[in-house]
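Going by the order they are written in, the chains are A, B, C, D and E; count residues from 1 in each one.
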Amino acid sequence: MDAILFFLFAAIAVVSAINVVVQRHPISSALSLVGVMGSLAVLYLLLGAEFIAAAQMIVYAGAIMVLFVFVIMLLNAGAEKSPRKGWILTAVAMPLLVLFLGMVSYIIQRGFPNAPLVVFGQFTGGSPKDVGMALFTRYLLPFEITSVLILIAIIGAVVLARKEME
Amino acid sequence: MPPIPLPTAVPLTYYLILSAILFALGVAGFLFRKSLITVFMSIELMLNAVNLTFVTFSYQHKQVDGHLFTFFVMVVAAAEAAVGLAIILTVFKNRGTLAVDEIDSLKL
Amino acid sequence: MTLLDIVLFLPLVAFIVILALPKTLSRTLALATSMGIFIVSLGLLAPFLGKPTSAVSFETNLIWIQSPAIRYHISLDGLGLWLLLLSTMLTPLCVLISWNYITDRVKEYYAFLLLLEFGVIGVFVSMDLFLFYVFWEVTLVPMYFLIGIWGHDRRIYATVKFFLYTMAGSVLMLAAILYLYSRAGTFDYPMILQLLSSGRLQLTAAEQLPLFLAFFIAFAIKVPLFPLHTWLPDAHVEAPTAGSVMLASVMLKMGTYGIVRFCLPMFGNAAHQCAPVIIALAIIGIIYGALVALVQPNMKKLVAYSSVSHLGFVVLGIFTFTQQGMDGAVYQMLNHGISTGALFMLVGFLYERNHSLEIKSYGGVANVAPVLSVIFMVTTLASIGLPVLNNFVGEFLVLQGAAIVSWKYAALAGLGVIFSACYMLWLYQRAFFGEAGEGVRHHITDINKRELLAIAPLVILMVWMGTGTSLFLKPITAVNAQILEQSKINVEYQVKAPPAPSAEPAPATTAAVVEVARAR
Amino acid sequence: MLVNFTPPSASEYIRVLPEILLTVGGTILMIAEGLAGERHRRGLAPMALAFLLLALGGAVVAGMDPGPAFNNMLTVDGYATFFRLLVLIVGILSVLISGSYLTRENADSADYYALILFSLCGQSILASANELIMVFIGLEISSIATYVLAGFLRNDKRNNEAAIKYFLLGSFATAFLLYGVGWIYGVTGTTNLQEIHRFLTSSESVYSPLLVSACAAMMFVGFAFKVSAAPFQGWAPDVYQGAPAPVSAFMTAAPKAAAFAVFLRVYSIAFSGLTERWQPILWVSAMATMVIGNFAALRQDNIKRMLAYSSVAHAGYVMVAVVAHSEAGVAAAMFYLASYAFMNLGAFAIVTHYVGKGERYVGIDDMAGYARQQPLIAALFTWFLLSLIGVPLTGGFFGKFYVFKSAIDSNLIWLTVLGLLNSAVAAYYYLRIIVVMYFHEPTNETGAAGPVPAGVRLALIGSAIGVFVLGVMPSAVLEFANRSAMLSR
Amino acid sequence: MHHLWLIPFFPLAGFLVNGIFGRRFSKGLVSMVAVGSVALSFAWALKCLLALAPLETPHVERYFMWIQSGSLAIPYELSVDRLTAIMLMVVTGIGSLIHIYATGYMHDEDGFYRFFAYLNLFMFFMLTLVLANNYLLLFVGWEGVGLCSYLLIGYYFLKHSASTAGNKAFIVNRIGDFGFSLAMFLIFITFGSLDFQKVFEAAKAVPVEVSAGMMTAICLLLLVGAAGKSAQIPLYVWLPDAMEGPTPVSALIHAATMVTAGVYMVARSAAIFTKAPIAMETVAWVGLATAVMAATIGMTQFDIKKVYAYSTVSQLGYMFLALGVGAFSAGIWHVVTHAFFKALLFLGAGSVIHALHHEQDMRNMGGLRTKIPITFAVLACAWIAISGVPFTSGWYSKEAILGAVHHHSPLMYWIGVATAAVTAFYVSRSMFMTFFGEYRGHAHPHESPPVMWVPLAVLAVLSLAGGFLFNVPHILEPLFPVEHGGHDIMLEIIGSAAGLVGIGLAYVMYVASPGLPDSISSSLGGVYRLVYNKYYVDEAYDATVVRPLVSGSRTGLWQFGDVWLIDGVVNGMGGFARWIGGGVRTLQSGSIRSYAAWVVAGAVIFIIAAGAIAGSNGGLR
């Protein structure tokens, strides 16, 4: 069951991700990305990360992607034009990517030779309570500091996107 | 013909390889897409791949720390999205284009 | 706080004072301070007038930076003494010759001159490798500006070339200094020498050679040794008169000084090992410089190439590893400083009058400027090594030293002496003899009192150093003997025996010859 | 878990005093602008300065009581204090030169100063971070603020381009860093630097060195990007050229210093057991960085772009110290970054003033005859340039000296020789500016050099003194660096 | 202590006084200072010699250490022995006379004071040369006289030919000095000292077979030096050109004193030379060849001073011949007598030139016998002396030389005799062309003032009686023992006859049948042109040495070597750096995607590298 679920959603994720890369229209890409996020959320659940799975849907798919779609709409961004130049880059980058992927996979295989099987329910330490507990004790400082990060993001967005001041 | 025994569960490395594939696809998107917005989306894809890694390892170590990391990555992603899109907006306002290749006046 | 500290820092004080006070005072201030410094520096002579000794005087050894231990360690010995005095003497003279020549950015000009003096004095007294390097580099900056701002048409090319050439060499030296530190644990030069001589620090052959070369190349560029010399003609031609004088008289000496001071005692093995090649280069430089000087249409360039030739003698002398050769080399450093400095001054006087450095714009100057011509003649003669004038003594000793190693060296280098007569006398003939042309008659006037004041000390020194050598030579000899001794640490290579008088095993000295004769 | 929890003590709060002060200061600045309105914009810079000085004081206070804070998220030691002080000083100098620039560009606003303060806050965190999550967040705070600053003049095409390039590439590289962090978490089960170190060096641990070295390489991508080391330096010249001049000044000094701080800390603590694996990589990177920076700078006519390349080259020199991987190397890097901050800020201060409205005069030839118009400023510029060249008695020289000394001590002879030769090449392009200022006559086209505003003047004096002190009496700073270089593992 | 230093000091003082203040002095005062200083020097030398009288061993005075470096110590040390004494007397004596003469001769010249200053300076150096007690000090004088020679040849510096001749003299002498200095270095290496006494002492103790190589090398190098100064083949070329200088200079420097310095030096080094038979043989042959060649050239020249110049070269060759065959004292004797008659010849020629207002071409002279009788009378004395008419001074020394040569090699002897005949011929030719026949010029000859002819008269007496009065070989007996005893009357008759034949032949050709020379010269054709053009030696030197050197230096060394090659490499390195810069720069394409590609590439490479580098933890695990 776990395996079926994994392969199913992994397949969806990969296909959606490929779709993100190959679609010519930003909106299509954005929607594909939502697909990736959704399937990842399921995988998170499989891994026992309840809170993260929820956050993934709410924050990522819900908020961030909406923002993207909003901007795409705002700018009325159309389909990409066919490549003007850059075939050299493609020629160089494709093998690089293949190499990268192969190497990473190889390293993972070599690095975790006796990896345990992922069985749903074996790890339940990812509930909102557990996450919250860690967040307000051990990770108190990073949590507080992220507020600064968000503040900056707000200021930045305002500075860059507001109307001309007179 | 004996039935093929379906595996009941997959090893952890499968998740990791999935994340690697997603990461590589994100990199590919960054390299091959022409629109600023999709390039940015590719970065989000990469971050998602990383998140999967964290959650997977969290499972392995039976710890919550990986989830925390993922959580902060999400927050950062959100902040980046706000700023990034604002920057893309200004670029579009000044140049009227979202094509990555046309943003190369500063060079050499 | 010794007198040496005062002499070292006075120019820096003067530099600041000149910068701080108004422009109208700069000239006078520069003259007054530099004269003052010279007079004070004469006090440094005191310990050296008595018995010859290789001991150092006026030592100050303070901590500058704790870790890594960098020391403000300065002292004076017979090697640095004369070069220091030469520098302090030339600075006021340079102020004098610039008196009317410099009209633009006067304040900065004199300030840089004093800064340069600070740097070169520092080079000659530093006993800490790091401190030495600091001063070594510091001299670059004022000279860079002196050429760049007050030079002639192609000054930018010349000054950048000068800077980069020297910089390229000195970074190698820095690397070597750092390496030495990592091996010796100190920058303190006497300490390093002590470690070497006591055997507590041993440099393998594989270490010595690169270290030696790193130091040597930095110095060889400054000297300049063929084929690293091409910055010199450009720099000289474009520099203002005082710049040329300081460059030729003092800054080139920094290179040869460095070789004697550092390369020989620390890396005796490598120095001996490289000696044949370096001697070959020196001899090529001697002949090459002279021959190229022969065909120069530009007076300053001619003198510049003659410097290449003269400095070849110095390097040759050093790498003979004989007492005579080294004494001659050091003596020749001073001689070259005086006679070539004087030549540049005189060419500068001519330039100030006629605004040309081309030899062909002159001719017949002797008709209109007799005194100038006589002084030029004396300087020419000094430069070509006429007896009773200074260069003779140095050249003689160098060649004698070279002959001890191999008569071929002396023979080849001796050709340079012949050629020097050719190019200098030909220059003199073309510029001074014959009928005076229109331009010369209109523009050239005889030397004036200020100029005479500037050049007279040099002329006097030419004669003095040619006749009364013992005052100058004694401290030098003492130090050189010590350096020779130090350079023999771990040296398997020995100076070749003098050429055999016959096919039989050659007894080197008369006594031995007689001995052999008696034995039969 | 709750059982083990003890609330942070007062001393732990004091250890994050600079961060607190900076955050509060930034917030107050924005509020103050809203309250005071448009007319009181002139007061913003002094206010920012006041907060920075407070933070500086805070850093000193924090530094007096070293120790970990907040569950070992941060550790305040001499090293952290050194870098905190350094970035804060850079901040002060940057604010000093920003005022007149912003007024000239009609872009005075509290946002700018607030962003600088927040960015510094991020860098301050980086300086003391002891946990990869803090590294990540600090890096992001610092970066996001600088992304915005780089594109602050949003109607300026160059600003936009700088911002978008910096942003996209920065995020891209950060993803690699994160991926590396993910793996190292996977291997060791922790993100605390000391614990990683302990795990990797413990004889009981079972792990794949291949995987760990891949982690180190992956994280190196992120750090090298931030310090603009080759081959990840691509963004740097473009961004430094395109960003507003005072922001470039800030960016080349503060975020870079902070990135180096954390880079050094991570590699000398977490990965110290794997030196022989990453040292050759860094060797190559350092060399390439120096070569690219110096040689490309030879061909620049734009003074900002030239200084940008120069900043890449200087990163290369610091990399040499990192390669040395010794306490002396760490100290040398610290010293180098400090002296680079001063000389670079000084040079940029003059450029900031000189370029004029809309950054019109950015050509090197535009400085023709500057020495005649502003002898004193030209002299100061010369002083900074000589320091950048590495002429003795300047901070730049001692910086190079210590860096290469540490390299020699670690037996990196070829790197030292090549690096020093590089610095000789570098002399050429710095000299070019001196040549233009001193040896060329002013032309009519040039000469935007009006009177120098007080802020710039102050920054110049400060930088000049800094370069002088580090060049002539470096003992105190060096002692500090030497003492702080012993990072607890 | 006899204060020998005063001897050279007086002229030096004269030089300084005249050199510094002379411009403001009257001509009389300048003359007084100049002549006075030399005369004082003469007087002091005389006084010293009388006081030191028999002088069996050298008298040495040390004043101060000049140069000391390690084992090399060069004191300022003067010494007098019999050889020195002779030279001292010649130099100061003839020097005084010529100074007196010059006050008259130079009376109308610009730069009168300059002339005398130089002349005094010359005296100083010449005396230093003679008095020196070590090779280096000798070398000081050696180079110093060369300098004065240069200055005085170029005295008329407005004339290009004069300054060129000066340069030539100096540079050719430098080549000789080059050999001399190499010899000095070898002497120091071999003997450990440059001090005469020590060197000779040691040289005498060395057995020939041990030292032949080194001794030969030293002597040959000394010979090079001597050949430069004393105008021997191949370095004689400067001397004829040196006649550009004023005539008293030619007489003093280029006839009587300086040019004999080489002879003096070789004689001085006799102790070394006698250990080097090969070198001795070389000296003899060089001398003989020079004598013959210069004499033949002398037969064809028309410039009166050139004739005497070649004559000087020839006579110097004679002296070298004497030295080469070991007859040192005969050589020195010839130095002395030659100083008398050659100085006289030159001064007389000067008197003629003076009388004819600077006419030097003999073809424009003739019949002056009656117009300037005193000059003729004194010149006639010199004429017979140089021609070797019996019992004149020249005869004595020449016979002594020929005698010794015959003893050494009859072949040399016969060539020497022939040369003697040629010598008599060309001197007679010049006398006949000048004083006999019809006057062919346009000037109005007038006799010179007493201040000029009185010194001439003194010299005339010396030319006639000098050989008889000063028996140099006898004086030098302690230094150079005469090896072969007695006179060979037969040889003396042959020698004397040769001179008379020469005179007779000249009489036939230039007085009896004046058309003969032209027909002979035209019948000889090419040979005559060769000789007339001085064997084209100058041209050959010019073509083989001077031109290649100059043009080679210009195009080969300077323009190719320095500017193109070395500077090309330097600038090329700069260009190379810029080229690399250009290459590196193109990496910065400005494209975000290419930067990203670099990031990926870097990541891939570094991951592979980090994995591949085998650490202490093992390889790819």
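The working rule: contacts are C-beta pairs under 8 Å (C-beta built on N, C-alpha and C of every residue); 3 or more make two chains touch, one makes a residue touch a chain.
Source: prediction; values computed, not measured.
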Check: In the touch network of chains, how many steps separate chain A from chain E on the shortest route?
Finding: 1
Note to self: With contacts counted as C-beta pairs, which pair of chains has the highest total?
What the structure shows: A-B
Check: Taking mean CA positions as centres, which chain lies farthest from chain A?
Finding: E
Item checked: Identifier of the chain whose CA centre is least distant from the whole-structure CA centre -> C
Next item on the list: Could you give the separation in Å between the centres of chain B and chain D, each centre being the mean of its C-alpha atoms?
Entry: 28
Next item on the list: Could you tell me the distance, in whole angstrom, between the mean C-alpha positions of chain A and chain D?
Entry: 30
Note to self: Measuring centre to centre with CA averages, how many angstrom lie between chain A and chain C?
What the structure shows: 71
Check: Where the centres are mean C-alpha positions, what is the separation of chain A from chain B, in Å?
Finding: 4
Margin query: For chain A, give me the residues that contact two or more of the other chains.
Written below: 86, 89, 93, 97, 100, 104, 107-108, 110, 112, 133-134, 138-139, 142, 146, 149, 152-153, 156, 159-160
Checklist line | chain D: positions in contact with at least two other chains | finding: 133, 137, 140, 144, 147-148, 151, 154-155, 163-165, 168, 172, 183, 186, 208, 210, 214, 237-238, 299, 428
Next item on the list: Find every residue in chain B that makes contact with two or more other chains and list them.
Entry: 16, 23, 26-27, 30-31, 39-40, 56, 60, 63, 65, 68, 72, 76, 79-80, 83, 87-88, 90, 101, 103, 105-108
Next item on the list: Let me know each pair of chains that touch one another.
Entry: A-B, A-D, A-E, B-D, B-E, C-D, C-E, D-E
Item checked: chain A partner contacts - residues on chain E that touch it in the complex -> 593-594, 597, 600-601, 603-604, 607-608, 611, 620-621
Check: Which part of chain D faces chain B closely enough to touch in the complex?
Finding: 133, 136-137, 140, 144, 147-148, 151, 154-158, 160-165, 167-168, 171-172, 175, 178-179, 181-183, 185-186, 189-191, 237-239, 241-242, 299
Checklist line | Touching residues (chain side chain B, partner chain D) in the complex | finding: 16, 23, 26, 30, 36, 39-40, 43, 46-47, 49-50, 53-54, 56-57, 60-61, 63, 65-66, 68-69, 72-73, 76, 79-80, 83-84, 87-88, 90-91, 93-95, 103, 105-108
Margin query: Applying the document's contact rule, which stretches of chain D touch chain E when the two form their complex?
Written below: 164-165, 168-169, 172-173, 176, 208-210, 213-214, 216-218, 220-221, 224-225, 230-232, 234-235, 237-238, 274, 276-278, 280-281, 291-292, 295-299, 425, 428
Checklist line | For the chain D and chain A complex, residues of the former touching the latter | finding: 1-2, 4-5, 8, 16, 19, 23, 26-27, 30, 69-71, 73-74, 109, 111, 114-115, 118-119, 121-122, 125, 131, 133-134, 137-138, 140-141, 144-145, 147-148, 151-152, 154-155, 163, 183, 186-187, 207-208, 210-211, 214
